[in-house]
Amino acid sequence: MLNLQATIGAGREFTDEINHEAGTDINRCYQCGTCSGGCPLFYAMDIGPRQVMRLLQTGLGEEALRARSIWICATCDTCTVRCPREINVAGVMEALRIQARRRGYRIPAAVRKVRILTDLFLGSVRRSGRIFELGLVQGMKMRTGELLKDVGMGIPMLLKGKLSLRPHRIRGRAEIERIYRKVQEMEGGSR
Amino acid sequence: MKLAYYPGCSLCGTAREYNISTIKVSEKLGIELEEIPDWSCCGATSAHTSSPLLGVALPARNLAIAEEMGLDVAAPCAACYHNLSAARVKMDRDHLLRKRIEEIIDRKYRGKVKVLPLAEVILSRVGLDAVRDSLVHPLAGLKMAAYYGCLMVRPKGIVDFDDPENPTKLDQIMEAAGGEMVDWSHKTECCGASLSLTGTELCVDLVGRILERAAEEGAECIVTACPFCQANLDMRQAEAATKLKTDFRLPVLYFTQLLGIALGLPAGELGLDSHVVDPRPLLREKGLI
Amino acid sequence: MKRIGVFVCHCGTNIAATVDVEKVAESARHLPHVVFATTYKFMCADPGQKLIADAIREHALNRVVVAACSPHMHERTFRKAVERAGVNPYLMEVANVREQCSWVHRDKPVGTEKAAALVAAAVAKVARNVPLESGKLPVERRALVVGGGIAGIQAALDIAESGYHVTIVEREQSVGGRMAQLDKTFPTLDCSSCILTPKMVDVGHHPMIEICSYSEIESVEGYVGNFEVTIRRKATSVDPDVCTGCGECWNRCPVKKLPSSFNMDLGHRPAIYVDFPQAIPNVPVIDRANCTYYLRDGKCRVCEKVCPTKAIDFTLEDRLVKERFGAIVMATGFQTASLQQYPEWGLGTYPDVVTGLHFERLVSSTGPTEGKIKRPSDGKEPKSVVFVLCAGSRDEARGRSYCSKACCMYSAKQAILLREKIPQAQAHVFYMDIRTAGKDYEEFYMRAKEEYGVNYIRGRVAKVYPEKDHLVVRGEDTLLGRPVAVEADMVVLAAAIEPRADAAALAQKVGISYNRDHFFSEAHPKLRPVESNTGGVFLAGCCQGPKDIPETVAQASAAAAKVVQMFSKDALVSEAQLASVNEAWCIGCFLCQPVCPYKAIQPKEIEERRGRDKIKRTVSSVNTGLCQGCGACAVACPSGAMRLNGFTDEQILAEVDAVCL
Amino acid sequence: MSEAIKTAAPVEGEPMPAELKTAEIPTRRGPAPGDPEFLGALRDCCRSLLAEGHVQRIIAYRETPDSLRPEVAFFASPEETGDLVWDLFCNTNICKYLLDYRTFEGRIGVVVKGCDARGVVQLINDMQIPRDKVEIIGICCPGQIDPAKVESAAGEAWVSRVVAGPDSVEIVTEEGTEMRVPLESVLTDRCLSCRKPNPPVADVVFGEDQKGRISDEVFEQIAELERMSSAERDAFWNRHFERCIRCFACRNVCPACSCTKCVFDQQEPDWLAGERNQANQHFFQITRAVHVSGRCTGCEECDRVCPVGIPLRLMNKKLWKDVKDLFDSPLPGTKLGVRSPLVMWDPKDADSFE
Amino acid sequence: MAEKLVTSEGLFTMVEKLLGRAQVTAPREENGIAVFGPVNSAGQVELDGPLPVIPEKSVVFPQSETLLRMDLGGEVPKVEAVEPEGEQVILGVRPCGLQAFARLDRVFLEGAFVDPQYRRRRDHTLIIALTCPTVKRSCFCRAFGYGPSDGSGADLQLTRLPGGSFHLETLTERGGEFVAEMEKEGIAGLTDAGAEAGSAARAEKARVERLAERSAAAVSTEGVVEGLDGMYDDPYWAQLAERCISCGICTYLCPTCHCFDICEKARGPEAERYRCWDTCLFSNYTLMAGGANPRPTVRERLRNRLYHKLNFFNHRYGEFLCVGCGRCVEHCPTNIDIRKVMAKAAARSRAQGVSVNG
Amino acid sequence: MPVNESAAAEAEMMTEAEMTTDGASGAGADAGTGTWEPRIVAFCCNWCSYAGADLAGTSRKQYPANIRIVRVPCSGRINPQYILRAFQRGADGVMVAGCHPGDCHYTTGNYYTRRRFSVVQRFLEYVGLHPDRFSGHWISGSEGEKFVQTAREFTEKVRSLGPNEKMRDVL
């Protein structure tokens, strides 16, 4: 049985951290479920946003770090704009995602691609200053092994000139590199 | 009227037709766009979901350059608009953050520039009367559903374009262009574009729901201002249709493309050939091209 | 010659335990003007008060300081005590050495030192006190009730029954208010109009009650006991003295299809109309904005032609009537929130999304569907109805943080009515919490679930949208933890109860305060719940906060009792610690005027000697009936011409000087 | 008399409608200072106002032997207006003299610069004089010259007269030597940062709207002070307040100080003691500034007259900056019918309380 | 007496030495304004500036000073007089300041009552005068029969020489003692003045006297007293008062105005009595306890001041209470000019044909 | 005008002076011991903050005895000059307390307080008063605990600053 007396105390620090990062106060949540009810992806989640709030309220926030939901969340902010308690729900999901990375949580297999894409994307921007879309798609294929996925879509796009074959590199690449490094320095080299 | 132009990565790639039509329409409406020199990626969703600082720093670099130009920024891409705005608001609210970002990007940023989506530029700086006055081919008889998606309207306070639940500004512009707008319930439902590559299945579900609602309200095409929404609704349409055992055939166009037609720009210059669901048969049927 | 006596109370051991009272008295003896100082076990008790009176006589004291408990406790007691001994009550000051000293500081030397300082401050202040006199205010024994709903009706009847004249000002054509719109009432399910109509008839016929319907408050001047109220009697185009209410006119009026606000726009009414068949007064009014006569230069005149008593008079104009009242009862009621901020629920977009009040009209036998529940879009009988609780309530993000209190119960009632009228229909209630605090309320709610099988879903609705010929209501069943969608033929939003749209403007006219939601503020949330902060203005019903009918009626009777209590006095006693103007210093800049919450400051022309000349100039003057003694004016005044008696700059500075020593 | 003025002058005996008198855009305009016709037109205007009985008194300036120091003068008849003068040495803000006319039974004309006009409007807004009792003869001010700066530019020589051009001034000495210095170098400090040189409300205006000199110098100095530590600010103000001789000139010239019994002059209560120490200096200075905050028109007359050079504007402008930032109200004296923002409120006001 | 030559550095050292043993008051610059005030370091002394705004009088007649200290707490109240302490040096006093000291001396030291406070300060103040380096247009010392190089009344007089050094003249015994003391301490740059320096100093004095000559034509005291005798009820005062804003600038900046108020302050049982400057231009000056005021308007107050300067004092002491320093002329916010008042009075006396000698 | 340098220089001297100030001097000296105790004046509105202080008393909550309350009917009655007077007479800290905005017994008095003191507070800081020496609080009649907390925190803050010299005019 869950000893709430213990969990609430033990999890307070984590909850505070998430509150701080998301600039919000989840203790205000009264569990009405508007966030989950309006979430376009709730049906695919293991734990809905409302339950994530409850986990944080009861000191079980770290459980949420294992949830698929935080990776499924599309940060569409529907929950945030509808929340009657002015909680930045999407921000909490985002903060949890960052925490999960920072703490090296295993990302559930089903959603691992999200992380791969993020890394590829940020890597691409770091190298070129802008996004190289074709490179991104190809990178995804290489990293996920789904070599043939969406081939049908890529070729017409190439033909229509929508995907350029070479990345565009901006002049200020060194500046971008510096930005990345500075951020890393300030955030404690978590990446 | 002169504005700093931030096209963003998509408009240089998958959303080329948005870029082309934006430039043409702006020219036609007397909006002078000066591309921000050596602009860089705004970080899209990836930056802020993995690092709060990077999520502000990447857009801030572009804002700082625009500030040097002394111009407000026009950002047609919904994601870019969202990110630039968010960075701006966050730095406005948090003086310390601004200082840190200045240090990171090694540029001065004073928070003087505004960031406007292109639709807002047309609405508030050009005015609908001017649009009406320059119509050549009013979009009469074309039933459209304006789809706003998430990034343009949410969350309030970070972006300030329109009502998050019932936005109407794209509708107003397209109505001014002579179009017939359907009133529908899924204008701002998320299409899941950020999951397009990573959670394709989910994405297809969301696309299906949205298209279904638009079709039911009698829309013949969808207009949007977001490259991700456009790509997603267009490219995932076939899959969604298959899954729902139906056939939508709903072209998904940038509002600038249709506005371009209405303003009498040659159809060939608006990139109408680059969509998966070809809009041209519909437009021909309506006598617009 | 100032002769101050200082009386230090032990308060049993409450003070004496941590304050050396003897030492305090001793230090007081060295203060300027102090000629006597002593201590006593219980200064507030009879012997204590007698001790003060004796000392006043014996030592010819003309000022008194009592060092005891908080002035909130016994300031009045001691004022009366010194008054009985022949000293002006305002020449007494209390040094609060219990709440501010003995009870909060355990260290005796420290407490003693502070107590001595507090006594020194009180002595410094009292030395600068001047005798103040309370004024007597006459009372006009007539009451004004603003709003003719159940609250106004109840208050008016109670006051009138005590023998005082009452005027009810009602904005609509008829009294009756919201309660008249309701079908049944919870938890007894008795018919709303059956219990209301007799009361309406009572006010209509009561010799001491005058109903000014179709009228509004234009302005309120004056003060407690002496309000001068201007009432705008809107032009009805019908002579009430002649009309018999036969109904010929409204039956024959060619303009028929105007939305009936009484029916929440779900039904129609003609251009000349009464709100509902049982209207009191039963005299129609012409809606000039929609009447053909007014729209097309005197065409039509059908009503005029058919009127058997020639009561129609198109030339009537708005009249401004000025009347004097001694007391005002505010009973302006509520409206339901428009929910414009909630596009996701579709009120106003989808016709089958309605509010609870709409639903009342749809179930009511006097309503547009004659009691048959039909959905507005196509008149079909709904087979599935979703009730959404907290629609606009308890939502800080969109500006309303409060609970509307009545919705849980009336939605249960409406679900029951639905099940009674359409047994095969399913009722779903989306709720966050169910609040049934009231006699027999919980039982009623249980009946809805158990007897009527109403389906309660714990969760707030995220979105309502149409699909085919029905609506889809989406949300989370938070007890299941799963997304749910309910297909509904109708959605009834229990829209938040909010004050009338013009409540704040009216409050400003009357000069009472209101909270951020624009509900009128009571003087004290617990101890003075039916009085406003402005003397002579009382509150009843939902204008003060959401409440149900029994609570409204109770508050209305309470307000009436307060009015009657006031009227039973010969005269009112005004505060003595009020603002006054040093006319020689006042330059008439009137910076004091806008800061006065009671509009108590008016310009006054004075004549003054300037050398050999007499000049006229304008200065501020304070209406002592309106002034409540807050002192904001005294601070706004740059030259200090405005003073607050009892708390003058001299007195406060003397205290500051003393506590700093 | 210039034609424009003649035609627009109201008909004698016809009362001026009140709404006309509050119109913020003047209907009559005369030549600008610097124009050869200017002084003649101004005198004509004043003369005819007196002659036609529209005003019974005009407060303006008169020539004196010291051309750098014209004196304030009160013209009661058309004949006297011959030596009425207006040049770049009319530094004195004359609006305050209206207070002497509170009970005067006639209309008063005042010849005012932008800054003085704000003072007039403030007196009207503070209900010290009704709008319809004042004929505001406004001058779009090109900036005023500080006689001390001219004298120090001239060195040991005595200045005989100064001829002002648009960008420079020519100083002619008694000995007859001439020298030319840039206008900016001799303008008063307040004019160097004047943003509002035009009368916001007037019945007659001379000259076209001036642009004013937009300088953030004062606000930069304020910002610099704000950045200092408490102890540094304490030292800064101690040093300045130390010099204050309590002559009360700052108060006596202030258009926002209209009290007849000032708190500083009261014995009961004894707000301000006569002893010259930092406590009393602070009480005086802080109270003076706070009392006029929300009504200070920013004319900086106090700063100008302070004989010991206390930078009073750094206090007044600081208060104004905060009042404006907090309550978003217009600069006092720029609009008729505006009361001090400090006697108003808004539920959404900023809150520094805890 | 003795003549010395002292370099700027020498003077600097002298001031530094002085600082240890006396309160030094000298011209300083504050926010662009020259004032007489206490200095803490020699670097603050600014002898080349214009005539300081704050006059020299505050050294012997401070704006406020404590007279008595009281303790009323005990059975018997304790009262003790407060005596000014220490030595003072005032450096850079202009000739008009010296003239002013002489006037103040007559008020505070002549007659039956000698003001103890003033006496003590005056006795313990060493006065080092300065020949005016230049003459302003507002200066009119010449009208009162002295000039910008007149050092009478000082213990020592400095004259700035063209090369930058100072000529230091010893005028009193006390001045001599001071110089001797300095010499004993070995001030580098303090030497005997040669003939060359002597004549340079005389040339400099003659130069500034010539500059002052310029005002002689414009301002004269002739007939002023007599003119005013008959002008008390002249409408002129009302005209002048119309412009006066009744501030205290002219009186507080005046080197000879010496009115004061006596006040007390109490903090609990302890109290102090002090005096502080007051001015007849303030309405409170003559305000009586019952509210009556014999000088109710600016007209009476301004007239009083001008009469005191130009008439009353003459009748009592035979000289003007104005020394022509020009501070009031220069700093009056509304340009009221005492010289014009003098001219008006003079014109009146000429018109009435009053004999100046009669 | 060179605002910075000289002021900074004098400030240095000032702080030194402050450091050498005799702690036991003046009005703040504790009766018997001679150790310095801060003197704090609190202006409290009658209806909320004073009642809050009363509640602290009836709940027997302890707070430092340095706080001396001056009762005024409404926070709107608090003239900014009272604050100056308190500092003149030797207060080391001054606080102003009133009803929460919207809860004023006199409807709107505290809204003026809020406006007035948001300006005055900044100004006092600007003329060199240490910002921690003056503070404003909204304390309702039911917030006895808040009164206690405020009293404690404010006293500690002021204690850590040492005696106030700014504007002080004691014998």
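Letters A, B, C, D, E and F mark the chains as written, and numbering starts fresh at 1 in each.
We take it that a contact is a pair of C-beta atoms (placed from the backbone, for glycine too) under 8 Å apart; a residue touches a chain by one contact, two chains touch by 3 or more.
Not measured: the values here are computed from a predicted model.
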{"item": "Mutual neighbours - chains that touch subunit B and subunit E alike", "value": "C"}
{"item": "Starting at subunit A, fewest touch steps before arriving at subunit D", "value": "2"}
{"item": "D-F compared against B-C, more contacting pairs", "value": "D-F"}
{"item": "Taking each chain's C-alpha mean as its centre, the one farthest from subunit C", "value": "E"}
{"item": "Maximum centroid distance from subunit F, chain identifier (CA atoms)", "value": "B"}
{"item": "Subunit C-subunit E separation of Cα centroids, rounded to whole Å", "value": "70"}
{"item": "Between subunit F and subunit E, distance of the C-alpha-averaged centres to the nearest whole Å", "value": "43"}
{"item": "Cα-centroid distance, subunit A relative to subunit B, in whole angstrom", "value": "22"}
{"item": "Whole-Å separation of chain centres (CA-atom averages), subunit D against subunit E", "value": "32"}
{"item": "Residues of subunit A touching at least two other chains", "value": "43, 82"}
{"item": "Shared-contact residues (touching 2 or more other chains) in subunit D", "value": "239, 263, 271, 273, 275, 277, 311, 342-344, 347"}
{"item": "Multi-partner residues of subunit C (each touching 2 or more other chains)", "value": "344, 463, 516, 595, 636, 649, 653, 657, 661"}
{"item": "Chain-chain contacts as defined at top", "value": "A-B, A-C, B-C, C-D, C-E, C-F, D-E, D-F, E-F"}
{"item": "Residues of subunit F that touch subunit D when the two form their complex", "value": "1, 3-4, 6-8, 10-11, 13-15, 18, 80-81, 84-85, 88, 96, 98, 101-102, 108, 111-112, 114-131, 135-138, 150, 166-169"}
{"item": "Touch list for subunit E against partner subunit C, complex", "value": "73, 267-269, 296-297"}
{"item": "List of subunit C residues in touch with subunit A within their complex", "value": "344, 390, 394-398, 432, 458-463, 474-478, 481, 483-484"}
{"item": "Subunit E to subunit F touching residues, read off their complex", "value": "31-32, 265, 267, 270-272"}
{"item": "Contacting residues of subunit B [partner subunit A, same complex]", "value": "9-10, 12-16, 38-41, 43-54, 57-58, 61, 100, 103-106, 150, 154-156, 164-165, 188-190, 192-195, 197-200, 202, 205-206, 209, 235, 273-274, 276"}
